[in-house]
Structures are given as structure tokens and as C-alpha cells.
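I've put the structures underneath this note.
In the two assemblies presented below, subunit A is common to both, partnered first by subunit B and then by subunit C.
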Partner chain A sequence: MAKELTSKSYIDHHLTNLTCGKTESVGWTCDHNYYDEMGFMAFHVDSITISILLGVAFVALFKLIKLNPADQKPTRMQNFVEMCVEFVNENIKSIFGSTDNKLIGPLALTVLIWVFFMNLMDLIPVDFLPELTKQVSYASGIVDDPNDAYFKFVPTTDPNITLGMALGVFILTIFYSIKIKGLGGFIAELTLHPFGKFAIPFNFALEIMQLLAKPLSLGLRLFGNLYAGEMIFILIALLMFFQSAVFGVLGLGLHLLWALFHILVVSLQAFIFMVLTILYLSMAHETGDH
Partner chain B sequence: MEQSVIYIGAGLMLGLGAIGSAVGLGVLGSKFMEGIARQPELRPFLLTNFFIVLALVEAIPIISMVFGLYLLFAV
Partner chain C sequence: MNINATLISQALIFAVFVYICYKYIWPPILSTMEERENKMAAGLEAAKQADDSLEEAKLTYEKELKEAKEEAANIVEKANKRSSQILNDAKVKAEAETEKIIESGSKKLENEANKTREELKQQLSSIVVETASKIIDEEIDEKKHENIIKKAAEEI
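Take a look at the complex of A and B:
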């Protein structure tokens, strides 16, 4: 099933994940042709491995750096790590105020750096790694047709990853609001809020909608920005279809411009994800009526 | 017929999303400038909040742009 190279197949190739799943006919397979049969039991193997690798890299980076004692000159890595920790600490203090919650610091630091690392993968030129996987998997015989080798390198362009993290934050907010306010307090907050006791169904609808909008917008915002960035990179790469030097140079210039702008988007989205995580957790801790 | 409807839909998505984010950022930018003009020493504080609200305003238009581009090119 050799697909001839059209712009649509090029885009589709770069946007499909390497999914391995259980199918009735073939059992566990990573062949994309059985994608429809996989149904629920399908895993985006590429997003999972890349995000785990980046998580390990983050933990290793922050654990293994050489810490000079206070009287000596700090090493460069130590400065970077201290800068990140202070930045996170300052944001927590400004948003959260004082708190005895010991989870919020490490959680915010992890969210910031992990999401930042995942977003950074988007700055690698769009065709470099997929082409590499095509040749490697074709040469090693995993795939009989090079176009069947899919590998999406930016985990945050996969909605499962971003919505999964947003779900984690959502569960934490529910846990902490029940722990701080008690189940009764939490239910009261959901039903009594804007208009007091008599308009409970209306209050409940309003509060539930707001409660669900937070994680959904948190996850989709990160996904939307990174997916749009990836899509733009792919569309710029499509300029090379014209096989003419003018479009090639134009494509290169556009790619450079968009990469520079994308550096801002990458760091800003990681920062926003952290700030909103802290904000939602601080709102869960708030006991005064707002 | 089905293909042309998709193009109309994608065009609407991209256009309306762009209007939303343009107006939102215009208002945000003007208020930001006003805040700095009134109190220049607050600039760093205003700048971080400007970026926070910028990302919040951009969220929905970017998502509609993503779906628009996907419809336009990959459907």
C-alpha cells in the first residue's frame, strides 16, 4: 500500500502517532493499518516514551547537578536550577500566599520544567526526526514501506498527554477542596454559591460548568498552542514541494521566524500551565466565600 | 458538495477565531499601555500579568484555528 507523496499524506504522516493496540484479528500490533480495529485499547507509544524520557531527564538534571557549598562560586548548572526553583517559589508565594501544603512546590516545579521540556521538542526541525525514524525502521525491516513508520516527537501535541495532566490537576483540586472544606463544605460550595439556598439547581449547573471548564481549558490550551505550532511548521515545510530555490529560501526564512516566535509560545504555555495549576489549587484551599 | 462545506466551515473557524483574538488582544494591549503610562514603576508586575491574560485570551482562538487548519488540510 505505497502511498504516493501528496501534501495531504505528508501532513497526515506527521500528525499520526505510533499507536500500538490490541486488535481481534492480529492481537497486539503497532501496524497503523489496523488502527480502526484497535478501539479503546490503543496506546500512543511515542508520546508515552518521549514524555517519560523527558521526565527522567528533568529529575536527573535536577538531582545530579554538582552543588557547590555556599562559600564557593556556584556552578552554571546550579545557577540555572536555583533560578528555576526561586522563580517557582516566587510565583507560589504571590499566588498562594503562605501555605503548609507540601505538595504544591514540587508539583509546580515539575509541571513547569516537564511541560517546558516537552514543548522544547517542537523546536527540532519538523522533518528531521520523522525522516530519521522512517529510514531506521525501513532499514531495520520493522516496516516494509517507509511511509508506514509514524513517530510524533512532541508529546504535548497529543491531547491525551495534556488532558491527562489537566485531569491530574483536577483530581488534586477535588481532593484538596474536600480535605480542606470537608465533603459538606465542598457540596455547599457547589450548590449554594451564587444565589443562596433557593436556586440550588441553577447554582449547581453554574458551578459544575465552571468546575469542568477549568481542567478542560487548561489541557486544551496547551494542546491547541503546540498543535497549531506543529501544524504551522508542517505547512511551512510543505513549501519545499515546489522544488524551486525561491520557495526553498522563503520556507527557510519563514521556518526561522516561526521558530523564534515559537520559543516564546513554548515557554509561555509552560508558565501558564504552572500558574493556573497553582491558582486552581489555591482556590481549592480558599475557605472564605468568594 | 461535502468538500466545499468543509472549506466554508474551516474558513469561518479561522476568520472568527482571528477576530476574537485580535479584539481581545487589542483591548488587553491598550489597557496594558494605560497601566504603564499611569505608573511606569509597575511595569514588571503588569508585564507578567499581561502575559498571563494574553495566554488566556489566546486559548480559545488558537483551538479554533487548530481545528480550522485540520479541517482545511487533513480532512
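Take a look at the complex of A and C:
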């Protein structure tokens, strides 16, 4: 039952994750016909795989380079790596002042490079990897129809990925808040501001919203920017449906322009995610009054 | 675009990578950087010190050069003085010697002349007598004409 390729099915295909999950009727499955049945117990295999691969790429890039000792000329890759570390440290210093928190540096570096790599996937032409997956899985007999093979290859256009990272940052924020201020101090911060102890419920409602808004906005900002960028690439690619040379050239030009502009978005969003991570952790370290 | 267990998995993967970075990536890079920073600071400090001591050495060198020049000039001046003095002394001495030699020479000459004169005087008397006797062919009493002879001799 080969589906007709329409612009709607094209977009849908690009926006559907390769998902494996638990269903009521058939148990664990990766079949796309059961996607709607999967509840919370579902995994976006494509996002997870790519993000792990990119994380491994980050570790490999920073771990496998040869670090010359201090009395020798640093290698080129070493210069690059040290530049990244220096950049992260500068940002931490400007936001934190000085800190003896040993985790914030590695955390910020991981966020910066990893998110940057994941965003960078957006610059791979929109059809390359999905088409490749289609052909490979059809040829190997995993699916009967190539259009049933889904593969979404930009992890940061998946809200699960961005919110997952934001959740990690959120947990760290709470952990450091309690560690620095003590449990009582943390609760006091949540309940006694801004209107003092006679309006505790109101204060709590305000503060808890403020607290939850941080990770939510952190994850959704990254997701929104990258999702929108991905969407524009897909829409530009739709120009090819007209099957005319003029629109083809136009599409090519627009792709190039948007990709060039997107380089900015890709690096900027990675940078913003890092800065906000540092900022939220530094707020967790603040002990003074608001 | 639904939220599911992917979120939890990603949070865990995130934690794993942060831990790997915290444990294995961050410390070696940072320690290398810090070490190099310290080395560079030390190197710059050493360079500054070397510059300072170079400046100092230059000053000392210039001072010593000046002193040496002065001393050399002194020595040359002294040597000049001394040589001219030696020259002078030698001149004076030589002059004195010359004078002495001349003097003794002339004295000797005079003595010789006197001696010759004396001898001549003595010989002359006999020559004169002999000659005269030959001339006048007559023996003249030497004693008798002693006065005349003497007179003649003195006139020589």
C-alpha cells in the first residue's frame, strides 16, 4: 500500500520520529502503525542514537587529541580544545564571579559542544538521512514500504531531548540550592518572597512558577529555534514539488541562504543554552536577598 | 511530537556525558593550561630579570671602559713624559761627554804641541849650531854663544 507522496505526507514524514515503545495490543514494538497507542513508555530511537553518537564524538574529540605538556608547543587541536575551555571559563567567570564549584565547568563545556553538534545536524540537507534510512530499511526488508521508515536526525528538534537536558540542569539547580542554602533556606526562598510570611501560599505559587519556568523555557527555547529552522528547510524543500527548473534553482538559492543564516542560529542557541545553564546554577548559589 | 520516556533517557545520557567530561576531559586540559600559564609567567619574569641585569651589565661595562680609557691615556702620557725625559737626559749626557772628549783632545793636542816645541827647541839649537858651523866653517864655542842661540831658539 504505497502512499502517494503529497506535501502533507512529506512534511509528516520529516516530523515523525523513529519510535519504539510499549503498546497495549502488541507489547513492545517499533511499528509506526502503533505510534498512537504508545503512551509514555516510548523512545525516540533516532534522537537518542544521534545524540549519543554526537556525545561520543564530543568525548572523542576532546579526549583523543594529543595534549602536549606545558613546556612544549601545543598541537593545533590542543589549541582548539583549550580555546573552548577558555571560552567556557570566561563565561563562568563573568556570570559566577569566582566559584569553587568543580562541576560547572565540565557541565557548561558538555552543554556547549554537545548542543552545538546536535544543532549542527540541521545543516545536513533535510532529505539525506531520511532517504538513506528509507532505502536501507526497504532494501534490508525491515519495512514493506520505504515511506514507513522514519528517521529524524536533528536531536534538538525533539522536545524530549532539549527538555531532558533542561531537566538535568533543573535537578542540578535544586541540588545546589539545597546544598548551599540548606533545605530550610531553599524552602524559605520559595515561600517568604516576595511578600513576607503573611502571604505564604501566594509567595509559593509565584516562586514555584518562577522555578519551573526556568527549565521549561530553557528546553523549549532551544527546541523552538531548531524546530523552526528545520521546518523552514522542509518548506523550502517543498519547492521541488513544482518540478520546474526555475523553482529548483530558487529552492537551491533559498536553501543556501537559510543554511548560511542558520549557522548563526546553530551556534547562538548552543551558546545561549550554555549561558543559561551557568546562570541558573549561579542563581542556585546566591545566598543573599532577592 | 509527544513527550515520552525519551526525555528521561536523555536526562540520564546527559548526566553520563557530563560525568565523563567532569572526570576525564576537563581536568587534564585545565591542568595543562594552568601549568603553561604558570610557566609563561615565570618565563616572562625571567626575561624581565635578564633585561634588567643586561642593563646593569651594560652600565658597568661602560663605566669600566671609561676608566680603562682614562688609565690608558694616563699611561701613555706618563710614558711620553718619561721618554722625553730620557731623551733629554741622554742629550745632556752626550753633550757633556762630547765636550769632555773635545776638551781632553785639545789638551792632548796642546801637550803634544808643547812637547814637540820643546823638542824642536832643543834640536834646533844643535841644528843651528851645526848649520852655522857648516856655514861659517868655523867651530863656534857653544858656551860662548849660548846666549845668542837661546835668543834664536826663543824666537822660533
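Basically, the second predicted complex is superposed on the first by the 284 of 290 C-alpha atoms of A that agree within 3 Å, B and C clash if a C-alpha of one lies under 4 Å from a C-alpha of the other, contacts with A are read in each partner's own complex, and residues count from 1 in each chain.
Simple rule for what comes next: contacts are C-beta pairs under 8 Å (C-beta built on N, C-alpha and C of every residue); 3 or more make two chains touch, one makes a residue touch a chain.
Note that this is a predicted model, so its numbers are computed, not measured.
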Report for A:Phe271: first if it touches subunit B alone, second if subunit C alone, otherwise both or neither.
first
Output check: A:Ile11 vs subunit B and subunit C. Expected answer is one of first, second, both, neither. What do you get?
first
Is A:Asn160 in contact with subunit B, with subunit C, with both, or with neither (first, second, both, neither)?
second
Would you sort A:Gly168 into first (subunit B), second (subunit C), both or neither based on which partner it touches?
second
Comparing subunit B and subunit C in the superposed model, the one touching more of subunit A is C
So, does A:Tyr280 touch the first partner subunit B, the second partner subunit C, both, or neither?
neither
Counting only touches as set out at the top, which of subunit B and subunit C does A:Leu220 meet: first, second, both, neither?
first
Looking at A:Tyr34, would you say it contacts subunit B, subunit C, both, or neither? Reply first, second, both or neither.
neither
In the superposed view, which residues of subunit A touch subunit B and also subunit C?
15
Which of the residues in subunit A end up touching subunit B in this complex?
7-8, 11-12, 15, 217, 220-221, 223-225, 227-228, 231, 235, 268-269, 271-272, 275
What part of subunit B is in contact with subunit A in the complex they form?
51-52, 54-56, 58-60, 62-63, 65-66, 69-70, 73-74
So in the complex, the part of subunit C that touches subunit A is made up of which residues?
1-11, 13-18, 20-22, 24-26, 28-30, 32-33, 35-36, 38-39
Touching residues on subunit A, where the partner in the complex is subunit C:
15, 19, 21, 38-44, 47-48, 51-52, 55, 58-59, 62-63, 67-71, 74, 78, 81-82, 85-86, 102-103, 105-107, 109-110, 114, 158-161, 163-165, 167-168, 171
